[in-house]
Amino acid sequence: MADFHTRRRIEFADTDMAGICHFARFFVFMESAEHEFLASLGMRVMVDEEAGWQIGWPRVAASCDYLAPARFGDVLDLRVRLLRRGRTSLTWEHEISRDGTLVARGTVTTVRCRIGPDGTAAPIPLPPSLFPEPDALVSSAPSPRES
Amino acid sequence: MADFHTRRRIEFADTDMAGICHFARFFVFMESAEHEFLASLGMRVMVDEEAGWQIGWPRVAASCDYLAPARFGDVLDLRVRLLRRGRTSLTWEHEISRDGTLVARGTVTTVRCRIGPDGTAAPIPLPPSLFPEPDALVSSAPSPRES
Amino acid sequence: MADFHTRRRIEFADTDMAGICHFARFFVFMESAEHEFLASLGMRVMVDEEAGWQIGWPRVAASCDYLAPARFGDVLDLRVRLLRRGRTSLTWEHEISRDGTLVARGTVTTVRCRIGPDGTAAPIPLPPSLFPEPDALVSSAPSPRES
Amino acid sequence: MADFHTRRRIEFADTDMAGICHFARFFVFMESAEHEFLASLGMRVMVDEEAGWQIGWPRVAASCDYLAPARFGDVLDLRVRLLRRGRTSLTWEHEISRDGTLVARGTVTTVRCRIGPDGTAAPIPLPPSLFPEPDALVSSAPSPRES
């Protein structure tokens, strides 16, 4: 099924002088939740190929709405849903909450890429075994043909 | 005029194992550029008030599209434009480029808030002197009445 | 007993372009392990007092030796031992390993402080209940009288 | 001459909920200062070789003493001195100050390494042209033969 749940606790280094979790950290939280999701499906997130090439998941778009502050020590519930499966891309929807209160909501689009030693990335098709049933998705996007 | 330019160099700690600048760092770059912009206008970004209260600019929304990889040592041009001035909020548009090539484009909405010692934030009106001419803005949004 | 064990997995954002965990992240790992240790003893790590004052644990010294690289996805074992209990300070010894291989070893000295709204910190005595038996410590430092 | 000076301003994301620059960020500041120093001497800090190999400077030891808090907006003076030149390593001494007040003092040992695509690092000799006069160093260590 195309959703996943994990948790993490806000650390001291996540906070800023306003006394709350720094907004950029939520993007790290979302990325890690996605990686856990992929790992839970048996996908290796970064695959080393020969000569310094890798297969990975660069992000092409990321957004987040901040609804409530999160503080040091808070345990966050991170829910990840697959919003759209393209030919080479996955778009994730994230909900981050604390004790049932929504703290942040985000969307991230990642593209499966072959990444060269210098960081240059070229999209490659998703493995057919990864989220094979598009109709099981949250989004009813009409059979996407492209990333 | 409601735009601003600054620069920064990508540091080693900004990079990740894909060999490029980690995507979450761009949100830090955008935040710093906004802060430099405000400082250039004589605004203090965080103002300490009595008893642990502060006036600051929490973010309520942030997004970024990634168009090209940025690498260690790259010098980035950060351009900030005010897209919308609300009653309590500012929405910024960011363009991040390297040698004229657009690397990332983002939008960030911040709200001027009074922040309590525990991180609780309450919106307060923008100072009238801050970006007083709404018609000078990039966006032609019809006289925004609310944040 | 004055030692503690926890675990964490290296995240993508922890890595750098050399393909390993960035060295500065180990200091965050050590800090979080200390905080978990204190929390496990019922100590609140940051205590909000009135008017924006806090009681916390600023670091006055930190060091780390790096013995082996740690990579994305590695699960690290973090062992924390109390090396020295001063009047106002605690010195922690950290061992970070992966599958029994020592990856890093560090020492951190923190001082219990009353922290003002502006970040100014003044040392205060440790609570008597916190690690009351100095002879149970790893270090045989002769009854420290000062921080 | 084996010393170098640079500056940086503390950013919002550098701060933590105690209202000051987070201690782990100082290690990033020191690393960047070293990199600027090397770049000023015409050294490329990371050199891409074929097949995903790189030449770089992993850290084997890092320490920092924190003498005074640093706050958002503070401009820090970073002074780097070469403390010791080994056969494959450089040991740097860092002094970080603000308006003449010493804020932190650190030492970092880096080893010039050939780094494989998987992050494995093997020491290699320093280029003879890099800091060739050991007697010009701060340290009077007797002609170090080894890293």
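Chains: A, B, C and D, in written order; residue numbering restarts at 1 for each.
Note that in this section contacts are C-beta pairs under 8 Å (C-beta built on N, C-alpha and C of every residue); 3 or more make two chains touch, one makes a residue touch a chain.
All values derive from a computational prediction rather than experimental measurement.
J.: Half is the threshold here, strictly exceeded: which of A-B, B-C or A-C has more than half of its contact pairs identical to B-D by residue number?
T.: That would be A-C, since it shares over half of the contact pairs of B-D.
J.: Out of C-D and A-D, which chain pair has the most contact pairs?
T.: C-D
J.: Quick check: how many Å separate the C-alpha centres of chain A and chain D?
T.: That gives a centre separation of 33 Å.
J.: In angstrom, rounded to a whole number, how far apart do the mean CA points of chain C and chain D lie?
T.: Whole-Å distance between the two chain centres: 23.
J.: Which positions in chain C are in touch with at least two other chains?
T.: As it turns out, chain C has residues touching two or more other chains at 12-13, 17-20, 24, 28, 31, 46, 71-72, 117-119.
J.: Okay, in this complex, where on chain D does chain C touch?
T.: Going through chain D, the ones touching chain C are 17-20, 23-25, 27-28, 31, 46, 54, 56, 58-66, 69, 71, 115, 117-121.
J.: Can you name the residues of chain D that touch chain B in the complex?
T.: 11-13, 17, 28, 31-32, 35, 39, 45-46, 72-73, 119
J.: Touching chain D in the complex: which residues of chain A?
T.: Answer in residue numbers: 12-13, 15-20, 22, 24, 48, 50-53, 71-72, 117-118.
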